[in-house]
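Report on the following structure.
Going in written order, the chains are labelled A, B, C, D, E and F, and every chain counts its residues from 1.
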Amino acid sequence: MKNVLVISQHAPFDDQHIRESLDMALIFAAIDQNISWLLSADAVLALKKNQQPELLGIKNYFKMIKTLELYDVENIYVCEKSLMDFNLTKENLIIDVKVANFEQQRALIAQQHQVVTL
Amino acid sequence: MKNVLVISQHAPFDDQHIRESLDMALIFAAIDQNISWLLSADAVLALKKNQQPELLGIKNYFKMIKTLELYDVENIYVCEKSLMDFNLTKENLIIDVKVANFEQQRALIAQQHQVVTL
Amino acid sequence: MSTLHIFSKPLSHYCINTLENLIDSNHAVLLVGDACYNINQFKQFSATLHLLEEDAIARAISLNESDIHISYAEFVGLTLSAQNTITW
Amino acid sequence: MSTLHIFSKPLSHYCINTLENLIDSNHAVLLVGDACYNINQFKQFSATLHLLEEDAIARAISLNESDIHISYAEFVGLTLSAQNTITW
Amino acid sequence: MAQFVLSLHTAPTDHDTTQRLIKFAEACIAGGHTISAIFLYQAGIFHASNHLELASDELPVKQLWQELSAKEIPLLLCVTAAEKRGLDTQDTGVFTVAGLAEFAMLASEADKWVQFK
Amino acid sequence: MAQFVLSLHTAPTDHDTTQRLIKFAEACIAGGHTISAIFLYQAGIFHASNHLELASDELPVKQLWQELSAKEIPLLLCVTAAEKRGLDTQDTGVFTVAGLAEFAMLASEADKWVQFK
């Protein structure tokens, strides 16, 4: 079993970056690898509560993020500084995440066999 | 006749941004509009002398930049601060340009009918 | 008649150090799409920011009284009242 | 065994304020493509930077003694000697 | 009443920019203005692909373009941008293949050019 | 000797990234290593278009892929990424249409995964 980390830094509706990150995380979980997902910078906004892209005609992919737990993707990390930059706290997020400071993020990276940025 | 300004900010080999900026500038010159081109941020590197992308197998489009004068595209502006950021001076560039400070760039923008960023 | 500057991404997406100096304080700034998430990031450009209301609501952004929330008809109007438009 | 960080664009392309804190001083940093233009921008990450020589030469970048210029064979070697690789 | 040209620079996977351009175009028409062209440039040219396959709960990109086309707004794409990106220019649906010069003419005759990206 | 997977995330218009991935792949092979897949993801899937038209002084993208294919390196593309971007997945030249799962398996068996963008 490999440790695989997906890192996302793009805004929620910037092309398909976050959706393809999500796909990648789910696929590695499905083939029983030890997958982690780190959302940093603008990507933390993808976890913000009460968003309704369907009002714009866009698919509400945030609902798919909520299913991560069902698929045993439990290692979801959010950059502490990025949350603060957007005035968000754990309570403003749609899923339960691990808030990580930079030292914890570096430790996370050090444990990985493969790291992919999407 | 319209005043049209193309603004470029991407690095020289970042996809086709600079090449498509150049195409746009040449086309507006060909249809006799008053075209200007402003290169700012990483885009100023596209004017750096002695580059040889053909060594990488990539087309040397810098030669096409040198033909701008032939096509009467004379209003080529370069951001003064960006040149300094990359330790470049007018003498390091492949064509004769107008080095513009921010005030001059704002005045340039104020004169335009259409502005396009590429 | 001045310039209308349109942003569709959070500020980190842009070359801030060259950009901030190109926007005059009398220019209009419009935030659409993902630029709506953090309005404060753009306050340095202009005291009054325009927000595309539909985009902001879909992102659960609380509308602030100091900002101007606009419809698509007003977005069209802004482009018409500006000398020119720059989509960064 | 540490991480190899690969950059292919000038620094302004990246989310610098979250990135700089993810690179340990013992990590390896490799500049390829347009990242080679301004090596100094990346000095904050590591005192020793690796440059893909072919990419630097094509861009008329004068090679500095304090930087390590590598071939493609050495690029492959760097990925093998690293615990993992991140292309930013 | 004013004459607009709009240009789209993002790929069809950018659903957010796509819906915004389309709503802006509709608001122009509703306001009595004219759109002399919506021009696909850069990665925008992929909107003219006939192989877009999207699930039914996604933004109905193809249908939205058909609706705009029915309003007789000229939908153009840049042939040079398309060829170097690998788009099949023989089969571009409601979009018409055009040269950059053709668009530049329309842009220089228009009152306003608004880019979407 | 090590086993690599490489993934390409940029469109064929990014000639610089393309030539770099190809030279890296060649250096892997020359060094006696194995490449279990080069995987096209995100905008990289457009490398599998059969409609790329480039002038003779441009990077010969198509020919470079054919040369890698002749070295029996598996060239894969992600079908989901392709469908939502409008690539014709019936006609992908030297590239084989694959699911993301197939690539993820190869990536988790490989010693190294290197991304190119």
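In this text, a contact is a pair of C-beta atoms (placed from the backbone, for glycine too) under 8 Å apart; a residue touches a chain by one contact, two chains touch by 3 or more.
As the structure is a prediction and not an experimental result, all values here were calculated from the model.
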Subunit F and subunit E - chains in contact with each: A, B
Farthest-lying chain, centroid of Cα atoms versus that of subunit A: B
Chain located farthest away, centre of subunit E as origin (C-alpha): D
Inter-chain centre distance, subunit C versus subunit E - centres from mean C-alpha coordinates, in Å: 23
Whole-Å separation of chain centres (CA-atom averages), subunit B against subunit C: 26
Averaged-CA centre spacing for the pair subunit E and subunit D, given as whole angstrom: 39
Residue list for subunit C, restricted to those that touch at least two other chains: 12, 15, 17, 33-34, 54-55, 85, 87
Multi-chain contact residues (two or more partners), subunit B: 13-14, 16, 41-42, 53, 56, 58, 114, 117
Subunit F residues counted as touching two or more neighbouring chains: 11, 13, 16, 58, 84, 112-113, 115, 117
For the subunit A and subunit F complex, residues of the former touching the latter: 1-2, 4, 16, 20, 23-24, 27-28, 30-31, 33, 114, 116-118
Subunit F residues touching subunit D - in the complex, by the definition given at the top: 2, 4, 16-17, 20, 23-24, 26-28, 30-31, 33, 111-117
Subunit A-facing residues of subunit D, complex: 2-3, 15, 17-18, 21-22, 24, 83-88
Residues on subunit C engaged by subunit E in the complex (per definition of touch): 6, 8, 32-34, 52, 54-55, 71-73, 75-77, 79-80, 85, 87
Subunit C residues within the subunit A interface of the complex: 9-10, 12-13, 33-34, 37-38, 54-55, 57-60
